[in-house]
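Next come two complexes built around chain A: one with chain B, the other with chain C.
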Partner chain A sequence: MNTAGLEKVWRDRPADWLQPAREKGMADFLDTGFPDRRSEAWKYTDAEPLADRSQAYLKTTPVALDSAQLPTESGDSLPILFVNGRLAPGQMLPAAPGLQVASLNEAPSERQAQILSRLASFPGRPREDLSALNAAFISDGLWIELAPDTVLEKPIEILFSSDGAQAAAQPRIIVSVGADSQCKLIEHYSGSGAGLVNAVTDIHCDHDARLEWLKLQLESTDSLHVALQNLSLGRNSRARLVQIELGSQLSRNDLQANLAAPGAHVDVYGLFLADGQAHMDSRLEIQHQAPNTTSQESYRGIAAGQGRGIFNGKIIVQPGADGTDAKLSNRNLLLSSTAEIDTKPELEIYADDVKCAHGATTGQLDETALFYLRSRGVDAAQARAMLVRAFAADIVTQIPLERLRQQVETELSARLARDMETDTP
Partner chain B sequence: MSTKSKEVTELVEKKYQHGFVTDIEADTVPPGLDEDVVRLISSKKGEPQFMLDWRLKAFRHWQTLREPNWAKLHHPPIDYQDISYYSAPGQKKDGPKSLDEVDPKLLETYEKLGIPLHERAALAGVAVDAVFDSVSIATTFKDKLAKAGVIFCPFSEAVRDYPELIEKYLGTVVPYRDNYFAALNSAVFSDGSFVYIPEGVRCPMELSTYFRINEANTGQFERTLIVAAEGSHVSYLEGCTAPMRDENQLHAAVVELIAMDDAEIKYSTVQNWYPGDENGKGGIYNFVTKRGDCRGKNSKISWTQVEAGSAITWKYPSCILRGENSVGEFYSVAVTNNLQQADTGTKMIHIGRNSRSTIVSKGISAGRAQQSYRGLVKIFPSAESARNYTQCDSLLMGKDCGAHTFPYMEIKNPSAIVEHEATTSKIADDQLFYCRQRGLSEEDAVNMIVNGFCKEVFRELPMEFAVEAQNLLNVSLEGAVG
Partner chain C sequence: MLKVDELRVSVGGKAILQGLSLEIRPGEIHAMMGPNGSGKSTLAHVLAGRAGYEVTGGSVTYQGHDLLAMEPEERAWAGLFLGFQYPVEIPGVNNVYLLKAALNAGRKHRGEPEMDSISFLKLVREKAALMQIDDSFLSRGVNEGFSGGEKKRNEILQMTLLEPKLAVLDETDSGLDIDALKVVANGVNSMRSADRSFLLITHYQRLLDYIQPDYVHVLAEGRIVRTGDKQLATQLEADGYDGILAEAASL
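Our next item is the complex of A and B:
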C-alpha cells in the first residue's frame, strides 16, 4: 500500500510538543505500512478501506465545530466531549480531589515529559495494529491521573462524536490509576456520516487499584472504526472491562490486558452485533505475566443480515506465571444464511502449574425455546428477537451505568426487530 | 520432590529404542535435487509417461514455492540439495516375490522393531506393507486380499499394474500445488502403498504399513492412496521408526483417502520416528500432508493418530466432507518431550448437508517441548445442519514446556452448530496423592493418569495398536512429573 502520500501530509503538518512521539510513530508506521491479509492478525479483515480513508482524511486536520452541543453533567457521570477527535471548544475538564485531567493539545508543560514517556513506551505492534499511525497523527486526547487512595464515585464518560465531516479522529487516552484507587472510565463513540476513528487507550493500574472500563461503540453505519486498548495491571489490582460494539461499517477492536504482577485479576465482557453490511472484528489478548494472576473472559457475537463477525481471543501464560487461572468463553449466534462468524480462541501456555480453558460455540436459536414462545402466541420475528436479546443480556447487564444499559437495550431491540423482519427464514 | 527429579532424570536419559542401523547394501542416489533426479527416480521405477509428466509439473511448481513459516516451529533451514532423494535396499533386480526372498537382515530389522512379519501377520491377521527407506519391501497376505478383490500393493507396483486407477485418483485430494511439502513429495516420492477396496467389500483384515528410514542423509517421501468404492470398508494402520543419527532427516509424506457413497475408511497412525536426543540433536523432521475426501453420501473417514516421535511434527490430517451425511473424525494423542516440537491438528471442511465431524485432540508436553494444536472447522453455506464438536486438552509436565491451541472456526451457515472446548493443566497434586496413598508408585500413578487422559483416543485404535500406543506413552513419559 502506498504510504508516500501520508508521509508528505505528515511532513507538512506544523510541529507541536508531541513531535518526538509523532516522529517515532511515523517511522514505525512507514516501516510496515498498513497491515495486509498476510498478517495473521488481519486474516479476516481487509485494512484497505482504512488505508484509503486515512489517505483521504488525514490531509486535513480535524476541526471541532464551535456549535457542538456540550454535554450537561447529567448527574451520573463526568462527561468530556470530543468532536472529530478533538476536545470540543469550551469543554470544561472534570475536577475532583485526587483527579487530574488534561487535554493532550493543551497539556501543561510540566506534564509533557510524563506524557511523552508514556507515548514512547506504548507497546504497539506495527504489523498488527494502527497505534503507530495514531501516534503520528494524534488529533487530541486526554491525560487522566488518579492519585493513590482516591475513590472517584462518578465515571468519567468520554464522548467521541463525529459530526459528519470527513475527519480522521486519532484520539489518544492515557490513564494512570494510583495505588488503592478506584475509578470508572467510559469511552462512548457515536456520530453521523462517514467518519474515521483510530483510537488508542493506554491504562496503567497501580497495585490494589480497581478499574471499571466500558467501551460503547454506536457509530453510524458509514463510519470506519479502529480502536486499541492496552491495559497494565499491578499487584492485586482488579479490572472489569466491558466492550459493546454495535455501530460502524467496519470496526476493529484490539483489547489487550497485561496481568503484570501477582494477584492481578481481570474480567472481560464483550458483545457485538454485526448486521446489515457490518464487518466487526474483535480481538482480545490476555497476558498472564506474573504468578497467581486470574482472568475470566466472556464474549458474545451476533451476526445477521450480511454481517460478518470475527472474534479472536488469546490467553497467553508467560514462563513463570504459575498459578494462573484463565477461562474464556465465546458464544456466537448466526442468524442469516448470508452472515458469517469466524472465531478463533487461542491458548499459548509456557508454564505448567496453570488452569486454562476456553470454549467457543456458534449456532442458531434454540428451536424448543422458539416453539415455546410461539405456542404462547408470540409471533416468529418477535420471538426470535426476544431470544436474541436474552442471549445478549448476559453482557448488557454488565454495563456499569443504568442510563447506558438502557440505551444499549433500546438500540438492540430496534435493530433486532428490523433484522428479524428481514432475516426470518 | 527428590523422587520426582530422579524420575525426570531417568526420563530424560531414556534412550530411543528403535535407534539401530541395519547394515545392508543400498542403492542410493547422491544428494541433490534437479529435474534429472526426478527423471531418474521415475525411470528407476519404470513409470509410465503420465507419472513422469506429473512429477515434473510438481517439481517445477515446487521451485516457485517458499517453505511455509506460519507454524509454531523453529528449526535451522533445511538444505534440500543436501538430501538424497532415493535410497533402495540393494536387492535382486525384480524385487521379492515372497517373504522368503526378502533380505534376512531386513526381516531382522523388523524383528527388532517388534514387527515380525510372519507371526504378526498370522496372529493378528494384519497384512503388512513395509516401506524401508523409500522402497516397499514386502507385502504380506496378498493372495488372501486378492480373493476379496482388494488391491493392496506398493505404490510403484500399482503404477505399473493399475495405471488407470492411479491416473484417475492420484493428486485429486492433495494436488501437487497444495503446499510446499506436498509439491516436493509429488516430485520425488519413491514409494508408498496403494489400496483399492471394490464396491461393497469389507476388507477381510486390517491393512498395515511400516515405514523406516535407514540410510543416512536420505529423505523419505512416500505416498499413500486409499480408494474405498461404494459401500466398502477398510481399516488401515501405519507405523514409523528410524535410526538414531546426529543429523536431521526429512520425511515428507502425502496420504490421500477417497471414500465414495456409504464407504468408510479408518486410518490409524502410530508415529515413532527418532525424536532426537535430549539436547535436540538429530531427529526426523516430519512434514506430512494427510487428507481424506468424503466424496460420497454417508461416507466416513476417521483419522486416529498417536504422535510420539520426530524432532518436528507438522501434520494436519483433514477431511473434506463433500457428501451428504458424511462424517469426519480426528482422534489424536501427541506426546512431546525434551526439545521436540509438534504443530498438529486437523481441518474439517463441511460442504455437504448434514455433514458431521468430531475432533478429540490430547496433547502432552514435557521437558522443554513445545506443542500446538492448530485446527480449522469451516462450514460452507451449502452445509445445511452441519455439526462439529471439538475438544482439545493439553497436559503439561515440567515448567519449561509449552502447549498452545489455535482453533479456527469459520461458519457461513446459520443452521450449523459448532462447538469447541479446550483445557490446559498439569497433573494435579491431589490426583497423584490419591493414587500414591492407594499404594501406586509415582510412576504408575502418572502412567495411569496419562492413560486415562488419552483414553478417548486409544479407544479408537485397533486393539493391537492400542497396546503399542499405551506402552509407547509409558516409555515416553515415565515419571515426567515436575
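Our next item is the complex of A and C:
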C-alpha cells in the first residue's frame, strides 16, 4: 500500500514537543505500512478502508468545534470531552487529591519527559496494529496519574465524540494507577458521520492497584473505529475490563493484557453486535508473564443481517509463570443466514503446573424457548429480541455504571427490534 | 369452542395422530388419557402451534377460526393456553417481565388498554400467593433453577394471569408431590367458569381426584378409542390401559 502520501503529510506538519514519539511512530509505520491479510492478525479484516480513510483525512488536522456542548458533571462520573480526537475547547480537567490529569497537547513541561518515555516504551506491533500510525499523528490525549494509596470514587469518563466532520481522531490515553490505588476509567465513543478513530489507551497498574475499565463503542454506522488497549498489571493488582462494541461499519479492537508480576488478576467481559453491514473484529491477548497470575475472559458475539463478527482470543503462559489459572470462553449467536462469525480461541503454554481452559460455541436461538415465549403471546420478533437480550445480559450487567448500563440496554433493544424485523431466519 | 375433526399428524414422516376427533364446548373439562406414545403431547403441541409437526389431514376449528392457520402468538391472543409438560428455562428473561409482556400483548390484540406496572405487580402478587409461589421467584429468570414442582406452579400462575378461554395442560400433574398437585388443582378449579374450557392431558387418574372432568377420553395409537365420564378414569386405574385397550379392540 502506498504510504508516500501520508509521509509527506506527516513531514509538512509543524513539529511539537511530541516530535520524538511521532518520529519513532512514523519510522515504525513506514517500515510495515498498513497491515494486510497476509498477516494472521488481519486474516478476516480488510484494512484497506482504514488506509483509504487515513490517507484522505490525515491531511487535515482535526478541529474540535467551539460549539461543542461540554458535559456537565452528571454526578456519577468525572467527564472529559474530546471532539474529533481533540480535547474540547473550554473543557476543564478533573481535579482530586492524588489525581493528576493533563492533556497531551498542553502537557506541562515538567511532565513531558515522563510522557515521552511511556510513548517510547509502548509495546506496539506495527504489523498487527495501528499504534505506530497513532503515535505519528497523535491528535491529542490525556496523561492520567493516580498517586499511591488514592481511591477515586467517581469514574473518569472520557467521551470521544465525532461531530460528523471527515476527521481522523488519533487519541492517546496514558494512565498510571499507583500502588494500592483504586480507580474506574470509562472510554465512551459516540458520534455522527463518517469519521475515523484510531485510538490507543495504555494503562499501567502498580502493585495492589484496583482498576475498573469500561470501553463503550457506540459510533455511527458510517464510521471506522480501530483501538488498541494495552494493560500492564503489577504484583497483586486486579483489573476488571468490560468492552461493549456496538457501533461503526468496521470496528477493530485489540486488547493486550500483561500480567507482569505475581498475583496479578484480570477479568475481561466483552460483547459485540455486528448487524446491518457491520464488521466487528475483536482480539484479546492475555499474557501470563509471572507465577500465580490469574485471568478470566468471557466474550459474546452477536451477528445479524449481513454482519460479520470475528473473535480471536489468545492466552499465553510464559516460561516460569507456574500456578497460572486462566479461563477463556467465547459464545456467539448467529441471527440470520447471511451473518457470519469466526472465532479462534488459542492457548500457548510454556510453563508446567498451569490451569488453562478455553472454549467457543456458535449457535442460533433456542427454538424451544422461542416457542415457549410465543405460546404466551409474545410475537415472534419480540420473542427473538428478548432471547438475544438475555444472551447479552451476562455481559451488559457487568457495566459498572447504571446510567451506561441502561444506555446500552436501550441501544441493544432498539437495534435488535430493527434487526428482528428485517431478518427472517 | 374447539372442534378437532379427523386430525392426522406426522412427525418426521411417522404418523402420530391418525384421525383424532374431539369437540370441547364452553365450560367443559375434558381429560385426555393414554399410554406413553399414544399421541397426547403431539395433540397439545399441534393445538399450540409448535413447529415440526406435519398436519396430513383433518381440521381444527377454534371459536370459528381455522386454528392450524394461526401463529402460536395469535392462538395465545385468541385465548388458547398451553401448560408445558417440560416448562423451558430461559435465563436472562425475567419472569415478571415475561408475564407482563404476555398479558399486555393479549390485551393489546383484544383492543384493551395495557396494564400499568403498579396494577400489574399487585395482580401478579395476588395470583402468586394463590399458587404459593414466593415473590422472589418472580424476579428470577423464567423457570431458571426452579424445581419440577415450581415450574408447574409457574405454568398455572401464567394461566391464571392470562385468563385463557381454552387451557390445554400437558401432563401438568407429572412429577408433582401431593401438596403441589393440590395447589395446581386449586389453581385450575379457581378458573372454572361457564365460558372457559380445559383439556387436561394426563397419564394418571390421580389428578382427576382433584379436578372433576366432564369427559374422559382414552387415546391409543393416535385415535380416541373410548370416551366416558369420570368412571372411565376409575376403571382405567383399576384395569390399566391394557384392559381398556383390549376391551376396545374386541368391540
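Observations on the model:
Basically, the second predicted complex is superposed on the first by the 425 of 425 C-alpha atoms of A that agree within 3 Å, B and C clash if a C-alpha of one lies under 4 Å from a C-alpha of the other, contacts with A are read in each partner's own complex, and residues count from 1 in each chain.
Here is the rule we go by: a residue touches a chain if its C-beta (ideal position, glycine included) is under 8 Å from a C-beta of that chain, and two chains touch if they have at least 3 such contacts.
Everything numeric in this text was worked out from a predicted model, so none of it was measured.
In the superposition on chain A, A:I349 makes contact with chain B only, not with chain C.
Considering which of chain B and chain C touches more of chain A, the answer is B. When the shared chain is aligned, chain C comes close enough to touch A:F391, but chain B does not.
In the superposed model, A:L335 makes contact with chain B only, not with chain C. By the touch criterion stated above, A:A360 is placed in contact with chain B alone, chain C being left untouched.
Shared contact residues on chain A (touching chain B in one structure, chain C in the other): none found. Remark: chain A residues 40, 319-320, 322, 332, 334-337, 339-364, 425 touch chain B in the complex.
Here chain C touches chain A in the complex through residues 48-51, 71-73, 75-77, 81-82, 84, 87-88, 90-93, 98, 101-103, 105-106, 109, 141-142, 158, 162, going by the rule given at the top. Residues 70, 381, 394, 396-426, 482 of chain B are the ones that touch chain A when the two sit in their complex. Residue ranges on chain A touching chain C, taken from their complex, read 366-369, 371-380, 382-383, 386-387, 389-391, 393-394.
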